[in-house]
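You will see two complexes here that share subunit A, one where it goes with subunit B and one where it goes with subunit C.
And then the complex of A and B:
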């Protein structure tokens, strides 16, 4: 689920950047540092704006200036039970992997409808129900997240396409 | 699926069950208390400060929590039961068996498997330990799932009457390099290599190495006939790619080899997913059964666990000298039949810039040793090796080895042409334009895939014949279980027919310190059904020699039997590749048992003076024998003879030989050959190949001038170089005296007696005596020799001598009996001197006008002969 989230971060600036447009530089650096990262259990998708850029404080010993910046960002936190869209990137007999934005999701063969069968002879190998559903690398899918795990800077999810309106997306 | 849960061994047995809290049929959760039990233990009570304590028995009631979720089916224990040790507790139908896990998540229920709690003894992540998917390492499955997946695979393959074939990329089906020269040649139609490199394809990698090599082009040459080979083979086999390159590299190559992804599909595994930088393993892809899997690879050593399934192909070496660009992580290739060796055999004189690669390889192997000591996944080491590989690649881009090779070849061509024009017509042939036909470095003449296809087809046929036979016999039993023949066994039996009946002796191909039956080449000979012999006998069929180091004792002895075919290692490589006894003719190693000894010596790398070799070859023999172990005893041996009885026998032998020198018979000539060098050791003359004879000559001239000046007062003018030489020898004698205090007196006497000989010798003409001195000098000229000489000074009775007892029985014997026989020795030295003098005089008279340079060749091999007496 997407949220608008107010966050705060300390940004340091090298003395060579000290000047009139320091605050712009701080914002640029913040965007560069933060956008697209995974923080805890959510991803920072985009920074909307910054506010409340504090006065710079020189860090003793290094000469870097430290600013405390408040900013508003669009964050995405996947939840268990959330339905997400993704693109398949790898298929094997145990299931398939899909990329849901920055999140990697695995859908096991156990969590597919019964009629979905593994077909190793096809090129490329695929899951298919011999009707409208074919899952091979590049297929757009819709899955329900049933498990999530985070490590520093990374998240993984387990998905299921066993349910109504889940599975292949018709283009 | 129900599962029996044990009590666990963490409880304080014996325990008594107090109460069961859940009944069969009830749903249980992890960490939920299922029953209570009591146990007894001793507690220390009393006043611990005064030491007034005693043990008292306590009874404690504890909870027992469920280690798993599910539905309780049945208790194995009942109220009030006394349990002495760990055993089954209850049966549960688990909610999820967590058999497929993705990055610490159960792929079936979505639970986090990395959570650890007190209720369960084993971690949940251990339930799915097997990684068997080609392109992912973070997806793991349980043994049960792996077996099921593999049975599915086998059923499908059997249905299609296919087998699995794991294909290596580098140097097996393609050859890759990043030398930019290739691109230049591709653009230049006038280049002699243009035809060869036309078909070379190329790609760039985004995630390739950084630095100079970033964004470099990879040039991929497919092995000749690859398309056809893969097309045919893919009808019989399901193909997998298994490479030590990176994932991106593997996929890029797969796209070139198989643009439509029909052959390999997504069955590509690379070093990134392998989980091991140093070895490949079939178990990574086929964890349960490798019965239906074959491998083709150019390296056997990277498949330590799967040798039976491996068909080793000869490495494809199109871009000469480049090797395998992805081999930085692998141990150094140890292949006696490597193509460069074979190419040299075929008279290919292209020098290859091996140095860089050797360095790389040796570093890699060093790194490997490190790795084997520590953890395989040591990130620091991996980092180092990555850097190593980057450096190697950079070197390739900067140094452009191919261009160097071609330039060298062009130069050779030019020289050859110049030589030919000059020799053909001494008339003023117009200085020809650059050679019309430039030779090319890159020659595409590989036929390996043809044979490989034949072998694979044969194997496939045999396998399914065997399978049908098994099926037919099983049908009666109604046995539905999946039983498949083992293709590895079939491969073995097919291979073992290839060379059956041959009795092969290998010589010069395996280092001495390696057991030939354990060496790779030896094992392959055995695997192909030939009888591997370690000694020469009449019933041998083939002797395989190393064409770079052919003159071994075994070869010499084998040459006596005309029925034994003597071939170079190229023949063996061809047999291995064709699985048949190939025609020996192109590989025959020509040896005539009755060529003059001098020629033999020449052939073995040194020049020989026909006049002297009869008397000196014996010493050559001895040196050749001793050198490999003792490093060098050339200068030391003569001293030994001086103080021992050995000189006697030796001299007598020499005399005899020079007597019937004219009738140099075959057997006799055989004896003149250098004895076998221990396999893998350097030939004693190897170091002399690099020796600068020109400078030796100069030195000699200088010396001769000095010697003739000094001739009058040779009683010890220390400034003369020759005298210095002698002084050094005198010192040697003193050393020896020190080491053999018992007979030091005798030694001195012997020395005194020999001194006149030395003087006389020096008065002789250059052709004989000084020729020998020259040799002594030249021997000292090489630094390595000098070092060894120094070493031998201090350690005269080396064990190497004892070892050599068989070939040089005189030495140790005389050592042992030294003191006893010394008197006799003294007498014999006079004989010795007389003989020597006669020798010298004869030489002088017969050969007075021999140019000075001629004796040099023998020098290094035979200088023992003169110092011996001098």
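And then the complex of A and C:
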């Protein structure tokens, strides 16, 4: 789920940058440091603007100036139980991986409807129920997020397509 | 004696992690009241931001995360035209009984029937009648360009 979130961060600036465009330099540094990272349990996709740059405070002992910057960013956070769309990119006999925005979602073979069987002989190897649903690299799927694991800088998730209205999307 | 008068003497206990979920009840933690974006709105916002950065000749900072997100949005954003996205936003905001999260999910998943919508977004179950929901989905379907 995409959110427009107000966040705050402390940015330091080296004295060689003190001068005219300090606010702009602070914003640039913020963008370089924070955009595209996975913070805690959400991804910061893009920073829109800064709405509050505090006065700079010189850090005792190092001479760097510290600014507390308030900014607005587009963040993406998955929730347990949320239904998301994704594109399959890798399939093996234990399940498949789907790309959901910046997150890699794994759907295990156990969390698929019983009719979906692994077919190793097809080209490319795929899951199919021999009727209308085929899951191979490039298939659009709708899955429910079952679990999330976060570590500093990365997130992993598992999902399920075993439910009403989940599974392949008729694009 | 109020205990707000002095600076905190210990780090406050962080909110328990791992309880957030979006099933029959919405427990969104720190995101409970944050503005949400449907996939189509997010696509508009991020693309407009990229255009603005290109115009100002600033570095667009194309991180891996950003590129993956843009590809994902290109594939799944159902409403491509700006006017349609705004019209959908107006339709959805009219339903004040739904939370921001639920409105954004409805706008992103674009279900065909009220039953499908209520199955995929379980927290909707008691909040809106099937007829009202079906009417909303039909209005949205009219705005969807292929």
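Just so it is clear, the second predicted complex is superposed on the first by the 168 of 171 C-alpha atoms of A that agree within 3 Å, B and C clash if a C-alpha of one lies under 4 Å from a C-alpha of the other, contacts with A are read in each partner's own complex, and residues count from 1 in each chain.
Here is the rule we use: contacts are C-beta pairs under 8 Å (C-beta built on N, C-alpha and C of every residue); 3 or more make two chains touch, one makes a residue touch a chain.
All values derive from a computational prediction rather than experimental measurement.
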Partner chain(s) touched by A:165 [first = subunit B, second = subunit C, both, neither]: second
Residues of subunit A touched, compared between subunit B and subunit C (which is higher): C
Which of subunit B and subunit C A:11 touches, first, second, both or neither: neither
Partner chain(s) touched by A:3 [first = subunit B, second = subunit C, both, neither]: second
Partner chain in contact with A:143 - subunit B first, subunit C second, else both or neither: neither
Subunit B versus subunit C as contact partner of A:65, first or second or both or neither: neither
Which of subunit B and subunit C A:26 touches, first, second, both or neither: neither
Partner chain in contact with A:48 - subunit B first, subunit C second, else both or neither: second
Touching partner for A:125 - first (subunit B), second (subunit C), both, neither: first
Subunit B versus subunit C as contact partner of A:80, first or second or both or neither: both
Subunit B and subunit C footprints on subunit A, overlapping residues: 80
Touching residues on subunit A, where the partner in the complex is subunit B: 80, 90-95, 97, 104, 106, 108, 110-111, 118, 120-121, 123-125, 137, 145-149, 156-158
Subunit C partner contacts - residues on subunit A that touch it in the complex: 1-5, 28, 31-32, 35-38, 41-46, 48, 74, 76-77, 79-83, 85-87, 99-102, 140, 142, 144, 163-166
Partner subunit A, residues of subunit B touching it in the complex: 100, 102-112, 114, 133-136, 138-139, 141, 145, 149, 152-153, 156, 160, 260-262, 265-266
Residue ranges of subunit C touching subunit A (in the complex, touch as defined): 17, 20-23, 28, 31, 34-39, 41-42, 45-46, 49, 58-59, 61, 63-66, 68-69, 72-73, 75-76, 101, 104-105, 108-109, 111, 116, 119-122
